[in-house]
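Would you mind keeping the following structure in view while I ask a few things?
The chains carry the letters A, B, C and D, assigned in the order they are written, with residues numbered from 1 in each.
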Amino acid sequence: MKLQVINPDYRRKIMWDSFILLITIAITIIVPLITVYRIPMTGWLFLFDFFITMVFILDIYLESHTGIYEQREYRDNLETIRNEYKRTAMPIDILAALPLYMILTLFNSPLILEIAIYANLFRLVKLFRVRRTISRIRNSKKMNPSFIRMALLIFWILIAAHLISCGWIYITGGLGDAARLNRYIVAFYWTVTTLTTIGYGDITPDQTNNAQIMFIVVIELIGAGMYGFIIGNISNIIANIDIAKSQYQEKMEKVSTFMKYKHIPVDLKDKINDYYDYLWKSRRGYDESSILMDLPKPLQTSVSLFLNREIIQKVPLFEGTSEEFIKDIILNLKPIVFTPDDYVFIKGEIGYEMYFISRGSIDVVSEDEQIVYATLGAGSFFGEIALLFSAPRNATIKAREYCDCYSLKKDTFDEILGRFPEFAKRISKEAGIRRAETEKKQQDN
Amino acid sequence: MKLQVINPDYRRKIMWDSFILLITIAITIIVPLITVYRIPMTGWLFLFDFFITMVFILDIYLESHTGIYEQREYRDNLETIRNEYKRTAMPIDILAALPLYMILTLFNSPLILEIAIYANLFRLVKLFRVRRTISRIRNSKKMNPSFIRMALLIFWILIAAHLISCGWIYITGGLGDAARLNRYIVAFYWTVTTLTTIGYGDITPDQTNNAQIMFIVVIELIGAGMYGFIIGNISNIIANIDIAKSQYQEKMEKVSTFMKYKHIPVDLKDKINDYYDYLWKSRRGYDESSILMDLPKPLQTSVSLFLNREIIQKVPLFEGTSEEFIKDIILNLKPIVFTPDDYVFIKGEIGYEMYFISRGSIDVVSEDEQIVYATLGAGSFFGEIALLFSAPRNATIKAREYCDCYSLKKDTFDEILGRFPEFAKRISKEAGIRRAETEKKQQDN
Amino acid sequence: MKLQVINPDYRRKIMWDSFILLITIAITIIVPLITVYRIPMTGWLFLFDFFITMVFILDIYLESHTGIYEQREYRDNLETIRNEYKRTAMPIDILAALPLYMILTLFNSPLILEIAIYANLFRLVKLFRVRRTISRIRNSKKMNPSFIRMALLIFWILIAAHLISCGWIYITGGLGDAARLNRYIVAFYWTVTTLTTIGYGDITPDQTNNAQIMFIVVIELIGAGMYGFIIGNISNIIANIDIAKSQYQEKMEKVSTFMKYKHIPVDLKDKINDYYDYLWKSRRGYDESSILMDLPKPLQTSVSLFLNREIIQKVPLFEGTSEEFIKDIILNLKPIVFTPDDYVFIKGEIGYEMYFISRGSIDVVSEDEQIVYATLGAGSFFGEIALLFSAPRNATIKAREYCDCYSLKKDTFDEILGRFPEFAKRISKEAGIRRAETEKKQQDN
Amino acid sequence: MKLQVINPDYRRKIMWDSFILLITIAITIIVPLITVYRIPMTGWLFLFDFFITMVFILDIYLESHTGIYEQREYRDNLETIRNEYKRTAMPIDILAALPLYMILTLFNSPLILEIAIYANLFRLVKLFRVRRTISRIRNSKKMNPSFIRMALLIFWILIAAHLISCGWIYITGGLGDAARLNRYIVAFYWTVTTLTTIGYGDITPDQTNNAQIMFIVVIELIGAGMYGFIIGNISNIIANIDIAKSQYQEKMEKVSTFMKYKHIPVDLKDKINDYYDYLWKSRRGYDESSILMDLPKPLQTSVSLFLNREIIQKVPLFEGTSEEFIKDIILNLKPIVFTPDDYVFIKGEIGYEMYFISRGSIDVVSEDEQIVYATLGAGSFFGEIALLFSAPRNATIKAREYCDCYSLKKDTFDEILGRFPEFAKRISKEAGIRRAETEKKQQDN
């Protein structure tokens, strides 16, 4: 049975990669401890070593059959894959897979045995492959990038702390006869105390032992750099989390200064503040037009169609019109927000726009605002009469709450109607009925 | 008497929430101390425990009758409220309200008594509700967001430090027979010394006690992360405070480089620097037009109307005109700043704009600047003559100090006048009088 | 002799303010030491105390006669000044000026003497006035804001460290019989060791002394916050210093990615990189047009006039024309940069622009680039012939080095010439001569 | 032989500068050690001192013959060079070159010998020249600025740590009789422990020795500032590395909020997310137009020509046209991206643009998308027929994958064709053939 090329995003491959990741973490923890405590690799440990060798050889085989991405283009040609693999990760994988301890212990010489203990540490080069594995797992599952970044940071710090602890045990010889576990815990305690720059000072080097002191100096420098790196990263993550909020606050501050400088009265001030509050809470201050503008034309059309087809479908007037007409209308709508009690227009004004309500509701009121003729909600449209007849608005429209509307300008409307004469007839008929209704209501009152 | 749905912004509800917040803080302080010092909950403590149970049960009842906001839309339907409450916060509130200690001590068995002491700690889950309470209180009172953020940071650090101190007393057994207060203070001292990474080292763990060492390692890691988080937050707050200033300094630096590169002479340099200084001090560098542009149309109109109606009202020429005319004028004004000694225009130039002074004052001077015909202050207008007659300016206008003006372009002016013929007559009459006056003055000199 | 209102920017007032600042620093250093060491205020110290009282009383008198700024508007009305002063700083100044020690020691009772020693510390409230003094001094001298910020940060830290040291001496009783200087130095050493979170641990509190421990906990918390604040400030200062460079690097990175993605060849790549390098080194990446656009109209005109009048003056053709003409030309010039070996235009192309060289030099070459007819440097102009005759360019122009030029578009040029017929004649004459010269050269070759 | 002016970018000069840099580092390490250990400068050390004197004298000679840059303009005039050198760096170089030790030891008096030991330290002023040397080396080799910044930071920290260690040995007299190496290592250990704010406290000052304590206080303050500076720098570097990513994430967050608020369906959501992912991975989110816009006109033309000439060359239709025509076409192309399965246009739509494929491939399909007439790849063009005849599109075009296209608008196309009548004929002929082909295919099906 010949193995085909494996897709790196294939679920079972990702599971294998995760397994290799766990194995890598395991050897990173176990191998240095074996080395510093000079534990003979017999019994279970021997089996473990053998098992790892097998797994890593299998991994090399699988990796040399896994497709790769080059600038987002997938390559599944075996030759290309192998050449790329040989050029990059294969040496690392082979070094990690070599059962150096087993091979060297065959010689049965004290010197070579000594070397074997350290040779074992070469397995740790597999850590260099963690990055790739994580990037593959990350690709397959969408996770918060800040969260991944924090998790990786903690992961690498713990790996580093473990290695430094083993180094400390090696260089100081631990605490003599104390149990291995206690010796390790004390070493880890010393490491964390140093890396966090706490430095209690209950465990300090022998001042006549240059090797110990130099080891500590190096660890201190690494620790300080690492701590600085952590703080830098946390600062950066916090700054990024708040980037939208910062921009919003900055805008608010400018608006506040403006309002203060211009002595804007309290009620208008509150209205403006409330509007920005609404903008932030409902949409984190984004601007619909600018988001659409950033998309490529076809996607822009898809989104606009989706967003507004819903409205058009709610508007009885547009039922049964051609796809082309709806597209034309939709691509010419402009988003507009009304705050509570805003006048959309006032009776008698010459109208230049009709409106579609996407969210919220408005009141159709009489000139003196005493009578509410109607309340229109999401999916309603209004203001079309004045557009058709170039007549003054025959009612006042007032927003009841925050309203997301879309407006359609008279000139655009005329242009579109000109292209669809059969629809022009229908809309004029409907508008006639509406006008009659409104006039009747006004006479009744 | 049936309880209606309570508005979460209702003043008495906020007071109740604040009371619950205080109770939560109190139990967070007291309960862990009771546990680590194994203080029997009798007498006053029993009453306190009973009181808390009652208060928390009442809180559950009130919460299940408190209206909620979903995407800024208020819901006061009892069914909706209860479902939402059951789904989210109710389990926490019930766990905090359970009088576990009282119930368990009824069994009167040493083992269960032991459990009861720890079970008491479940009350601390109420801390998870602090966030909601604070966000409610915050909504009702407008406070500086940076200040709230700092205060919350300090609050959570103190809570954490208290809990860690109690943990330290528990794990080390305190200092033997020392007074409880002293033992707590020493534990708190150790906690703060560790969290701030100072680490004097006068209190260190018993190196043979693995539990103690591991506890400290965990605290050190938490402490380092926390300290990094604090520094990150402070950096971020400082950066946000200064965001407007940073942008201003960056702009200033560019302007400086430009002036240096182009060898701008000292007096012009000083004038430019002074202008930016004025811009910063008077309005933190904001741009009026861009602020107005960000507002939705109706708010924009309201603000413009407010800002300029004041000017229009000051201008005698516009007294008694229709609301429509003033709106038309106002929406077409453009803000413009003059620096001291700037020429607004020079005698003989063909004028294309008239000006309204919003702040500051200007001088009407002769061609040789020897004679000051008049000084106009805030609320004055000038330059209308040239607009009416397409004639050259008949005087030189010079800014006395920093002037915030609004300009009205000739073509816009003509357009508006065309729509209001009766006002066109009046303004031409007034201009005629003015021209006569100025000519007379010039002849006199 | 009646004292007039003093201008706060007046040189002698600033000197007085600086003197008060020094006195304030002196008492901040001396008074706490007197208190903790319980040094009797006799002899020189008594005179010093008396002197300070006098100086501070004089300061109150002067301050109540110093003009103030309100939103950049200077107020020199005595009534306004005094009301403002009474409302804000006067209570502080009076408290600092009160000779409490002297007054209290008159009672000659041990208890009151005890109080007197501490009452002396009230003088330190004068520190609250340091901010104002520094802002006044800062206004009068233009200094790097980052430098001032760092200096103030260090100043306040040293003040804090001194006060904490005195607190430490007070709470621990110093080191018994050791000399006062040594006791102070050790206390200062402990303070700095704690504030910097180093915490050697050679000086630690008596663990049975709750007061000492609590004092240290407070200092540690203050220290950690202060250290975080310092790091935040330094980060912010570094970020601000580099804000222009960051933006430039970000742009460069984008350009690099673009060039890589589009496989731009190496020579073109180098040219683009070199251009950005030039842009950064010569003008930190600013854009002349956008800087001018930010200025108010009149300043914009002044700068443009200054910048380009120099060029126009260098151009023999424009000598002796009217101020109006030069203004018209200048306000219509557009800045343009040529990189070395760029073709400004090629022989035979239809020309639409003429050019003025502001910096650098260009070569007028034949079609095959073999013959260099002329080399034009800063202050030269070219390309005017094609504009006049709508004829093809009669030579190729190539930049020798980086050239800052200004271009004048044909349509703008025609418009301006139309308004100045007498100059139109002259320029056509000059162009005729030039064309003859060039044609003759070409025939010669 | 007279020495000519040396170019500072000349390879051998850079090598000499690098050599001087190494020598400077060497003396910075050696000289303070000689001073604090009072090692007599005899034998090898004497020769070393003599060698340095010679090298530094030679350096002064070479520097006074090295050309300089002033605002990117190279100056090779000897007079200018020398004046500039005398004004700036010469005093430093002379002080570093003076063999003060040798001269002073000639006097053979104990006091002067004492001075000689310290006088030697003056050589360290050469460190002030490191900055210039590094900036020269940096200019000649393009390296990552963040990397250089980190490397320099580490370099200066190590230099500072070395000097502080020597200071510590001097002030404490080291550890008595311990070996010099051990004394130095312990001092360095103390320095690093203090600078990193770890402060174990195993080495602390004698509390009765004011000099020692004050030395430590100063070092602690320097250390805290330095540590803050390091953290600030790391934060800044991290922030700069991520500046493009931050902006991208911020945009993504806004888009997400928008999609959530507007209830965009999952498939459209995925398409938008995928598009942004593509944009980031393929070009780090840059916008081609804005990058081109930032370049000066001639470079812009060069890049556009390079980018699109490739396409034009691939298009058979444009073969053999004039350079002028190609330039005209190219400067009027607009970049446009299609996502997989996007419709470029649909059969029957009126076409206003023709397209050139730069990357990716598209399918020409029938109206019902059942038949794929053709698949066009990079270098193909389509849509020209409708442009020529103002006829409806006679096929549907659908993107197979992400496609980078350039579009040419009908009006621009007409304009260009108008200027090149001979090419207009040819393109109409080619289009006729194409139309016939497509129609035949449709009839066949």
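We take it that a residue touches a chain if its C-beta (ideal position, glycine included) is under 8 Å from a C-beta of that chain, and two chains touch if they have at least 3 such contacts.
For clarity, every value in this text was computed on a predicted model and none was experimentally measured.
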| item | value |
| --- | --- |
| Same or different contact residues where chain D meets its copy chain A, judged by the half mark | different |
| Fitted rotation between chain B and its twin chain C in degrees, CA, nearest 5 | 90 |
| Chain centre separation (chain A, chain D; CA means) in Å | 27 |
| Gap in Å, rounded to a whole number, between the CA centres of chain D and chain B | 37 |
| Residues of chain D engaged with two or more neighbouring chains | 197-201, 231, 235-236, 239, 282 |
| Residues on chain D engaged by chain B in the complex (per definition of touch) | 197-201, 231, 235 |
| Contacting residues of chain C [partner chain D, same complex] | 175, 178, 181-182, 185-186, 188-189, 192-193, 195-203, 227, 230-231, 234-239, 242, 246, 249-251, 253-255, 257-258, 261-262, 264-265, 268, 271-272, 275, 278, 281-282, 336-339, 342-344, 402 |
| Chain D residues touching chain C - in the complex, by the definition given at the top | 71-72, 145, 194, 197-201, 204-205, 207-208, 210, 213-214, 216-217, 220-221, 223-225, 228-229, 231-233, 235-236, 239-240, 243-244, 282-284, 286, 288, 291, 294-299, 302-303, 306-307 |
